[in-house]
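You will see chain A twice below: alongside chain B first, and alongside chain C after that.
Take a look at the complex of A and B:
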């Protein structure tokens, strides 16, 4: 690890003896999970709990003529069959728009379809029974008469006058359009030595969480209170929205989030079937469990990507990039998702293209259209993989055109490490990035020159290997600029409360959530380090709207940077409060005392003066022994939100080394490297595994994952045999290196790391494949890079 | 994703299993390793009224060599193919193929009899049976039938097995001196069903094939014993002859289209496999012509 800026004074509270910051320590929840003591929603059993199964539309677009549930209602174990019309009395519809995305429109969406279904998989009726099996038996006996309507499936023709308009009230199928024109693009292209164009195609794919979406909703009619147990990334958001649409006050809704088996952005949205489950609990006055099965997950978990983006780049013979231009098109399904909307990904593409580079000339158009396919929304690294693949694909095309090495063209165009603060043509503000330090580091890690020599030698033997490089920037630590300013009640601040318990241990309640990325660990590391107690004395409580401070949760690479800073600031207060009372007990001054290794010690000689458990005993049980007027405060709470920058941008670079079998079209991933800069690293292992996990999801997009729809809007590979997630056998070793540029906005200095891997992996692989295929004069700008795509490009089939 | 309700019977002997099948006929399904049947039931693609579980039938287990014949009980698991020294000696092609069958958890439960009875055209073992000239031993209401592998597979998920039949064993000729094998498949991920695969068994005589049996899979509705092999047997192989055989193979195959590949891509990959197979078995890298004519 190398640091391009070190500022020891700023890190003083973290840089204490026995600090856990920057150390790989085991996660506190590891033993529990490995011993099978994890507690997931599907583990829950409540008295009188019933199970809901949704009858889902087999058509992509159809009118519901009639629903006959009489036979199903007579089936054994069936408690109720509820249609969309009936449920509409309990829960109101919603529209997924945000006011800061100008012109974004969508139609009202109901928890269960009323009169019309708009995608294959949309819920048409809820069957509630004593078991999932009984409900599935009954589903087969609900008779629904549909009148099939023409389905809008191809995004390229969605706006044609001849294409039916999915929601007549909206006038057309255009959900959102954004146009940006910065600098002097036409002039720049006209003055360029070369201009290269390409169309980049991205498959629609999804997150495939190990644990499917799951909810238990429990309406307590006596208390008039709804408890929602749900694996969600944003408990307070769920609380707000459930209350809003069920006609309750937020205080009447409690959201409890226990262990979560992966989320990746899949579990940060409000889904119709989950809303229906809340409403059913209220309607039927009993706990209702919904656990999506794998087929339902493919048909209803949000999909992502599915872009067609035309790109253009201008370049001078000396490698100077003169301008970028893009025209992006994406299809989002029939509704903009609630409440984060389905326009964010395209908006991010516009924001991020060209982001690592110095050129100020940039023009972009993005159009977001409705289709009769499953809904689309934010999935890990929202927009970044598109923007990075387009940008880096264009940069490689430009390099190829002028005969320049891909590393060299980047060296000549990446924003200089001493140029900050600065802004991108799309208005993104960068506090401090480290593109050049990162590029230098990855070139060294991968031994670039040796790899080029190896490539040349193997090419003579008919072995085609390629190197792909992709620089990227990443949005992390979002302020209210992401959602709050657009009117969504999604908190961008987070809160942490820490208290000393009666035996000198610490209980910490935080509003960020844990879905496997290590929120619990990093919080305990910060609290333990700042306070001076060992991690085994820190218990972290998260995921309960009744128990934790109010906050956003864990998404958009924000947990460590925002929740971590709140933990740091709260713990500083608690430390001060403890030293205040210790000084009274010890007849000393706070300045002469410190807390180290669970005891109050002298600053001067480190002598242990009083153990924290003894101090706690006095505070809680013998305050009568303290001088008059002393009121110890053994609990502290702080909230934090970034205020200086809308987002804390991070940066990095990835490199792929691949071999293409030109006879079969198969790509073998030989090695992958990442250098990224997420500022202060709290736990190196957690950061590295976040990067690796993210890379693997990006490699999935590059080679394997695609939701295949037919022209009638049927998802044809909604199972784990036909939808190919990346498996360990096909994954390369992934080496991760770091450059550290802490953000000055927070004392902690941490930026996000959760999405960096996904942001650039596919771009690196696509560039590597094209590098390998260079002797064949072919260029592929479509992912996934399937054998069929590669053999076709090579003219072998 | 819960199976519809079904009755369950655990057979106590082959005779008992046959009785149960005779009573229930098409309403029953035989449960062996359960690696295809149970997922299909959970997806409600099939809803048998009765499951006849043969998992307890010790008489269907075991691999034995009887003279020139290797006999494998129907309940032999895929994992056993990887561990058995008899397989290594007498039918090493099966060991090579088994490594490509799904993943260890599935290989630990899935059985050979189940795989052959399921007759998925993309699975490995049916093609191996063609290449090895296996005999499938079936017990049914009329007694024992011995069916050549070439006749056993009749279509997609279809075989000569009637609903009242039980596949009990597989017999293979023991590999002789001079025999050689080749197995390769193209799958997007290790353990996936192949896009195209080839299980080949050869008898080498000097630098020629005395015999060559090419069992292709995932190239149509059932495994194919390629007739194009006859062009290569007994002859000195030149790139031109190989290309001729390759063209014959293209004509012979009638592959299907699915999400992984068009028929043209399957034909191309089948040719690539042929070249790799011949080059490998004869140790002639010059013959690895990569599917080209």
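Take a look at the complex of A and C:
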């Protein structure tokens, strides 16, 4: 690349000397976490702070006949017992709909149930006491009389006329329906050499953040200001919603987000009990702390997936895929979540199925129904694991039907790498993807031919191993098309302010947040590289609505691509401002100067002319020595939002190598590979670890994780012992490779990487298990692939 | 059994005298009474491992042990192991390998890793994976953690050689 350093306006971060872009550097904030000196909300204490514990409904659906809190109020340490009716005077109810999801409906939801509970775990009363233990003691003494109502639990019968309607005002249990018909699907199926159908079943699961949801809400009655300390991915969204429902202006609400013990989309929502905690702080005029325990986390953290999707694929003998068709059904619990809604996952399934492939014939229906179970909403890789498992499962079925190798059928159908820009049948616009380069790379990484030979050799010894491949696309860097156009006050833009401090270091405030992905690191890497200062001189401040510019936060794989570009643009301005002052001080011109390694240097010979700390000293303490009319601007702010494309799609492919024990039904994950293309890579290690972590969450869904409900709507495994998550002993090593197609929409060129791993992992494993079981003539299209599922399919139980 | 009980515990080398309710678990005692918030609570029923501390040299789940049971014992937490420098190399390896994301499991993970390395100086990857199976991490997928522990084990062996 050519050097264009002489013109700061055309600066490319990739060209800078000592650039941190593309380099593995340790995250600046790690020592704190490694030494147990992090600051999580669950660690917080404030003067006069009280603790809230919620009494939760034991029924999935019941009327609240009466609540008797007299005995609880007499318990030691109890400050207040507050019912839904009482809290309704402080906080208004909400309805989780967005206007761009046409027809989406939901019922008003209250912070605490008022006269009816709609899922097991919905809060019925708040008990506030001087300690959590005292509040828990008192919960036992609140008497609630319920009249149990019939619970709607099975999504398959939720729309039957005989099934009770959960919210009478809505008329039925259908929350949302979307139908899409592109190309000529019937004609394509009729002209196909083979048509294959299957029903894919996805278990309801949840995020299991290791730190449960935690809030400290502090109402300052003197200032009339609410400070909310919360582990959230979207502080400004929380500010907006809290203000709206408490009757405050946004300026009266400050949201502070310190360390967050895992998020994964679980903490991008606003939960009823969190709203109740804000309201209780206002009502009781003191700080209130809510930390969910693990049982209530399982019962109230959003669940996800829980889809049953019928799929159909047409194929020619030469491997050409002629059409896809799906009919997806999902149950979201009794309410659409607020404010992001619970229709997004099904909507994404419709958008994404068939996305990597060339066929233009695609028909889809998705229906989202209400049930009396915990709420479902967006969790890491929203909709992608469903769409990917259905698509890739169908592609493998088609390959099997015509006797073609799974890699070969993908080679023949994936969109060509030189076909971009182009669009999918569902209208998704792709700027530049690299399916073929990615597939070629993974085939090489895994040594596909050798693995096939090994598989065949082991087969003779009665060892059943399988290879599974799954290509995928991923939505990243969402524009206002995601939420803003539907009326949600969820910002798609991010802002960054950078300033030179009085000793030549840099303070950077960004509206993206940190939950361990490396937001601080990538921001410091960009600022340091663009400005020409070392990373140890860049301090990044985030997670505080009083302190940072306004922006969306960290979710939907948007932090690096959107927040990173804002940091780049802001730093370019600061750099120009510094060089303008330096030129005056040095009697030179900005074009003749550069900033390298914390000093202003000559472009011509690299000679150090003035250290940044000396420049800062003059700017802040001796501006009198500057010529008249020169006003230095040692701070710059820029905002950024993608405008050309609604989403920056990424792509990739995953492969799994598994062994199935056909006697026990256990699946051993031997190895997993991922090749993905997130555009410009800012920190290779951070990207790889995002991929690996995402893969393992997908592997959990593939093999273990499932919220098991009985037919009365009782969650029967709401604890860590019965709800299985991946443990280190059963996880494989994961090799990650990259293809790099930067987005041309931004100067940085970065797309997102946080969800790619989760998007395709389960599909790869399911395909691998079916490959292993090929000699048994069985095909499993249900996850999690528990021993019971596998042995049932094999006819052994 | 509901009246406070006097206990004397050595925590990170300091003697602590306290009156605690018999039902108070060790994790809450460390976090709420001593403000040692590096010990984290992920499940409060002995599965996730985030609350792992050392009592009398053995790692235990502090959510499953009562504070009164620690009477007379030496308790070591992540703060103690950090300040003494005992696991400085392990922490550096975690940092260099980005073997933590949100950091919530990390104190317990480091406790368990150090426990393994004290018992077995050259653990194979599978042994590391096995030993850490009582410590859940939801962010990393474990691969980087295994790498960091493997690297530390090798470095310690080289130091000895």
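Note that the second predicted complex is superposed on the first by the 786 of 797 C-alpha atoms of A that agree within 3 Å, B and C clash if a C-alpha of one lies under 4 Å from a C-alpha of the other, contacts with A are read in each partner's own complex, and residues count from 1 in each chain.
Simple rule for what comes next: contacts are C-beta pairs under 8 Å (C-beta built on N, C-alpha and C of every residue); 3 or more make two chains touch, one makes a residue touch a chain.
Note that the structure is a prediction, hence the values are computed from the model and not measured.
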{"item": "Contacts of A:232 with chain B and chain C, given as first, second, both or neither", "value": "neither"}
{"item": "Touching partner for A:513 - first (chain B), second (chain C), both, neither", "value": "neither"}
{"item": "Partner chain(s) touched by A:209 [first = chain B, second = chain C, both, neither]", "value": "second"}
{"item": "Broader residue contact with chain A after superposition on the shared chain, chain B or chain C", "value": "C"}
{"item": "First (chain B), second (chain C), both or neither touched by A:721", "value": "both"}
{"item": "Chain B versus chain C as contact partner of A:696, first or second or both or neither", "value": "second"}
{"item": "Touched partner set for A:729, first chain B, second chain C, both or neither", "value": "both"}
{"item": "Which superposed partner A:293 touches (first chain B, second chain C, both, neither)", "value": "both"}
{"item": "Partner chain in contact with A:38 - chain B first, chain C second, else both or neither", "value": "second"}
{"item": "First (chain B), second (chain C), both or neither touched by A:708", "value": "first"}
{"item": "Residues of chain A that lie at the interface with chain B and also at the interface with chain C", "value": "133, 293-294, 719, 721, 726-727, 729-730"}
{"item": "Complex contact set, residues of chain B against chain A", "value": "1-5, 43-44, 186, 188-193, 195, 259-262, 264-265, 268-269, 272, 290-291"}
{"item": "Contact set on chain A toward chain B in their complex", "value": "131-133, 136-137, 140, 293-295, 662-666, 704, 708, 716-717, 719, 721-722, 724, 726-727, 729-730, 786-788, 791, 796-797"}
{"item": "Chain C to chain A touching residues, read off their complex", "value": "23, 31, 36-45, 47-48, 50, 77-79, 82, 91, 94-98, 100-107, 110, 125, 128-130, 132-146"}
{"item": "Touch list for chain A against partner chain C, complex", "value": "26-27, 30-38, 40, 42-43, 133, 207-212, 259-264, 293-294, 515-518, 685-686, 689, 692-697, 719-721, 725-731, 733-734, 757"}
